[in-house]
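Here come two complexes built around subunit A, the first alongside subunit B, the second alongside subunit C.
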Partner chain A sequence: MADNSLSAPAPKLSPGLRASLPVLVLLVAGFLAPLVTVAAYAFATPKSFDVFRSFTLQNFAAIFDTNNTVWTSFVWALALAFACVAILLVVCYPIAFGLNKVFGKWSGLVSVLFVFPLFVSENVRLYGWVLFFIKNGVLDGALKWLGFPGGPDLLYTPGITLFGMVYVYLPFMLFPMTLGIAMIPRDLVDAASDLGAGRFMIWREVELPLAMPGILIGALLTFVLAAGAVAEAKILGGQSVITITQDIEVAFTYAQNWPMGSALALILVLIVSGLALSAMARLDLDKILGKR
Partner chain B sequence: MSSVAASAQSDSPAASRTPRPVLQLVDVRKVFDGFAAVDGISLDIEEGEFVTIVGPSGSGKTTLLRMLAGLESPSEGYITLRGELINDVPSNRRPTCLVFQSLALFPHMTVGDNIEFPLRVRKMAPEERRKRALELMAKVRLPEDYYSKNVMLCSGGEKQRVALARAFAYDPDVLFFDEPLSALDYKLKKLLEKELKDLHRESGKTFVYITHSLEEAMVMSDRIGVMRAGKVVQIGTPEQIYSTPADRFVAEFFGEVNIVPIRRADGGWLRRDGKPVAVAPDLDIVGDEASVVIRPEYMRFVTEEAGADNTLTGTIFNEYSLGSRLQYQVRSRTGRTFLIEVPRAAAWKGDGEVTIGWDAGNAIVVGG
Partner chain C sequence: MQTVGRTRTHFLIRAWTTFVVLAIYLPIACGALAGLSKGRYFAFPIRIFSTEWWGKTWDSFEIHVLVQNSVLIALIVTVLSVLFAFFGALAFARYPWKGRRAFQRLLLLPIFFPQPVLGLALLLWFNALGISPTWKTAVVAHLVWIVPVVTLVIAIQVFSFDPVLEEAASDLGASRLFTLRTVTLPILWPGIWSGALFAFLLSWGNFPLSLYTAGADSTIPKWLYSKMVAGYTPMVPALGTMSTLTAAALLLGGGLVRFLLRRRAELRARER
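So, the complex of A and B:
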């Protein structure tokens, strides 16, 4: 103890930094390293595994080549993701509002029940929907049995792909939204009404801005998930539309072109994170919660 | 004050003598799940009056106020505003405004936006709104540069003023206050009480205020109503309520008092210990049980030179200094505790046994 002057001058680490070291190591090894590897692969020689040893822009040149139609996959993925978020906003707001009206402070807990389907594998649930919509399946068969000409041919269309995405990602919108709406103090709604505001003005000026953190988090979460969705388009959509995630998957597996897959993935990451960050910039929690 | 405000609106001198109530409650009841939070209240509130409803928590005063503001509708009875039935008129259609206990300021808006909210509802032009908001801010003594300040960064007292300015922006006929000062420290509370009273006088509007603090009620009100278990047990001027409480509950609610239970016997009254009690001759009590209420300042030490109508003996077991006055706790032989308050000059010099007493003229006798 006494001769601490002899010990080598230890690098000055603040207690906070030392305490967070395990998590930092985990994040660097498990999160940053794969990302860096993918980014490096994107600049490797096409159809090779020369990561960190070659540098070329050929992959990007191929993607941006005017003859390449991979951009349609980007468009489909983003369009479906936007549509999915838009539909979820419209579908979930009334549910979240109703949950808060009926269950009050327990609404957050009740909305967790909507997460239960997640315990069943997504693929299994989607195949369940296939059985429901398929020719002679639950819907078609039941209608025929009842003497109707049969169900509509919905399966393997972009529309059913969107349906699958809305179905799968609903809990991710509903839960934050319910919490967001639960944050609106009852007194504020009463006060707005007492000051003469009608239902619509109360919603626009008081309820919506105060629920906005929850709504934006829900939208962000579902958008990021939906932009990376692949199972819905494959299983329900029957590849009637190809999303970019599927192209990436094919590049990594069937085509064994990791550099191409990485380049596509990098572009997707840039687009999604760019959109997410611009949304985050609008999400000023401090201002909404009045901390500033 | 109420008659002044009323006569200003009426040319007929007769009308000023009988001011028309702006708010009238007839047998109003509100039942929640079989429990009557407000249990048959009839009350007239006159134009320009400052009425305070006091009562312990759970006495139904907040429910009463929420019904007046239109946030609840009565289960039974009638509420009329200037003669019009408003039982089921929603709060946004009533010319009344409630200042909430929580103040209910919109946290995502600036001070200016908060105050302008009712003006935006009326679709007033932005320039005009701003002008009006600044006028109101001056009225409630908020500095002009607070206009664009985030309302959540204001101090407790400033928030209070914002809430007040916002309520005035609505320009209601009647303002309701739900204990808005309860969260503030003593000094600020005193200051705001005074300012509120000034605002009431300047605006000439009708104020209905609820609080559990007798002190607040005494300072500001023209009339005080005391609520207990959903009913108004007494209503009157602060002076009336203080000097002639309707019952033991009101007497006890209005500060520390000594209570001596008595019963009727042979045309007179007896204490529990069997001694006769001298009471005021014009006593009007129904029933055989009553209580004598004596305020601590009317209790005094009894000596051979200075006797009293009623006396009892006991021992002093506590002494407090109240500044210019001293308060003693005396335990009587029957084990009851009595409070006696005397000027510092009349401090008790001896120790041990004392005889204390009161004169019949200084005591109030209430039934029950």
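So, the complex of A and C:
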């Protein structure tokens, strides 16, 4: 069965390729083709819909023009994404460790508690935080009720935008990380400990390198998603920060400048997919997912 | 010394995890409170509780349409994505074939992609094809993102599946279809079921893709967003809470079915 694909010179497709066909067709028609369209629009005449009929670099020239401040949106998006990843690494590591080594039979339930928010749309959850932080909201009201002068003014700041991103993307860091830590064989840690290694040394020399593929996937996934985030800055941040996705959205909707939006999107996609592909090339997915 | 240190570390890990879980559910609880308070504007502590806004939400015709759209999209997405992902997972994890590693990476790309940008790119593509966006295009958009996720979920089950079982069945003279029905599917059922549950729930709660690709049709998350931006009414938290509770009920029910499926599989394995 396994060597079918090698021995048969017949024009018949291998079973793997045949099984992959429906998904391949979907991804080509629903993922690659839209990206090609975006790329084509990026080179179309500004403020026109002349896709595939005109070729110009004007959109990119406008973006890289020194008078254009759109680069601040890029900087904000990437800086927030970077900070979000750094915070989530620290927040999630103890939990991922706990899911593997501490919670025992409870870890199934704890995982479900962390998965469930993924099924509640992010705007609902973010709006819950607005109700928490707003004037006369839960925090402010509770503090006043207790006799304090009232809650701090946190809403509609860049800080709260970052907080919202950390909140929304937590599961995307936690689960790859948990899979990564699950790849650490127990006996290896025991062996290091028997040989006299201290706990920090075991963590640095044994656990961390072995868990790295999972941690890397988690960091990459959160970075990519956070770099394209928009709801957090709009709902919690009150547009105190304009992220690049919001600029793209504005170009596509109010400004009706699809070529400009496409050019911005193309740059973002290049950054994001460059990162994703270069990191993915080093990972063995069979090992990460198949290890059970 | 080591054990004392370990106990303390474990205590800290438990405490931290509890704190983070509570923080995760805090805004959901805030929404539930806001939906249950009387009066047009939210103020805490709540003076008078009432189910007025739940009642209004429940009776609203506009919201019935939203729920219908959301359910319809989620159901179609579930059926289609399980079909796509079942074969996708076999290609991902079961068969050794030449393009497998490339296929695995391609499959991950839509997951490693900001959803709002994907939604806008699809909008452009539909426009270039001359298709005006409706709930049907939203189904396609959901599929592009959800099929890869479901494929991964099923693939995890496929990895734990021993291909020797299929070969044994075919050596004993079983046809492909018979093998699929009596060997492959029963073993993969728990994974398929989880995949279906994921598909429905992810579609049900999806906001960024629906926002750009559903055109004039609205779904629950899309409507909630439009009201959050302009024209807050307590129906927003009320409907949000209803939607969350629906998802929770589905997850619980689905988890129960999965538990039963697994137990049945175990009993069968023991009989053999």
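Convention: the second predicted complex is superposed on the first by the 244 of 292 C-alpha atoms of A that agree within 3 Å, B and C clash if a C-alpha of one lies under 4 Å from a C-alpha of the other, contacts with A are read in each partner's own complex, and residues count from 1 in each chain.
By our rule, contacts are C-beta pairs under 8 Å (C-beta built on N, C-alpha and C of every residue); 3 or more make two chains touch, one makes a residue touch a chain.
Everything numeric in this text was worked out from a predicted model, so none of it was measured.
Participant: Would you sort A:Glu232 into first (subunit B), second (subunit C), both or neither based on which partner it touches?
Facilitator: neither
Participant: Going by the contact rule stated at the top, is it subunit B or subunit C that touches a larger number of residues on subunit A?
Facilitator: Looking at subunit B versus subunit C, the one contacting more residues of subunit A is C.
Participant: Examine A:Pro117 and indicate which partner it touches, taking first as subunit B and second as subunit C; both and neither are also allowed.
Facilitator: The second partner, subunit C, only.
Participant: Identify the partner contact of A:Asp247: answer first if only subunit B is touched, second if only subunit C is, both if each is, neither if none is.
Facilitator: A:Asp247 contacts neither subunit B nor subunit C.
Participant: Classify the contacts of A:Gly137 with the two partner chains as first (subunit B alone), second (subunit C alone), both, or neither.
Facilitator: Only subunit C; A:Gly137 stays clear of subunit B.
Participant: Scan A:Leu221 for contacts with subunit B and subunit C and give back first, second, both or neither.
Facilitator: second
Participant: Regarding the shared-chain residue A:Glu207, is it in contact with subunit B (first), subunit C (second), both, or neither?
Facilitator: neither
Participant: Do any residues of subunit A touch both subunit B and subunit C, and if so, which are they?
Facilitator: In subunit A, positions 289-290, 292 sit in both the subunit B and subunit C interfaces.
Participant: Which residues of subunit C touch subunit A in the complex?
Facilitator: 2, 5, 10, 12-14, 16-17, 20-21, 23-31, 33-34, 42-45, 83-85, 87-88, 90-101, 103-118, 120-125, 128, 140-141, 143-144, 147-148, 151-152, 155-156, 159-160, 163, 167, 201-202, 204-208, 220-221, 224-225, 228-229, 236-237, 240, 243-244, 247-248, 251, 255
Participant: Can you check the complex and tell me which residues of subunit A touch subunit B?
Facilitator: It comes out as residues 185, 187-188, 190-198, 201, 205-206, 209-210, 287-292.
Participant: Show which residues of subunit B lie in contact with subunit A when the two form their complex.
Facilitator: Against subunit A, subunit B makes touches at 69-71, 90-94, 96-98, 100, 102, 104, 106-108, 117-118, 120-122, 150-153, 166-167, 170.
Participant: Which of the residues in subunit A come into contact with subunit C in the complex?
Facilitator: 1-2, 5, 14-17, 19-24, 26-27, 30-31, 33-35, 37-38, 41, 51-52, 91, 94-95, 97-98, 102-103, 110, 112-114, 116-132, 134, 136-138, 140-142, 145, 167, 170, 199, 220-221, 224-225, 227-231, 234-235, 245, 248-249, 252, 258, 261-262, 265, 268-269, 272-273, 276-277, 280-281, 285-286, 289-290, 292
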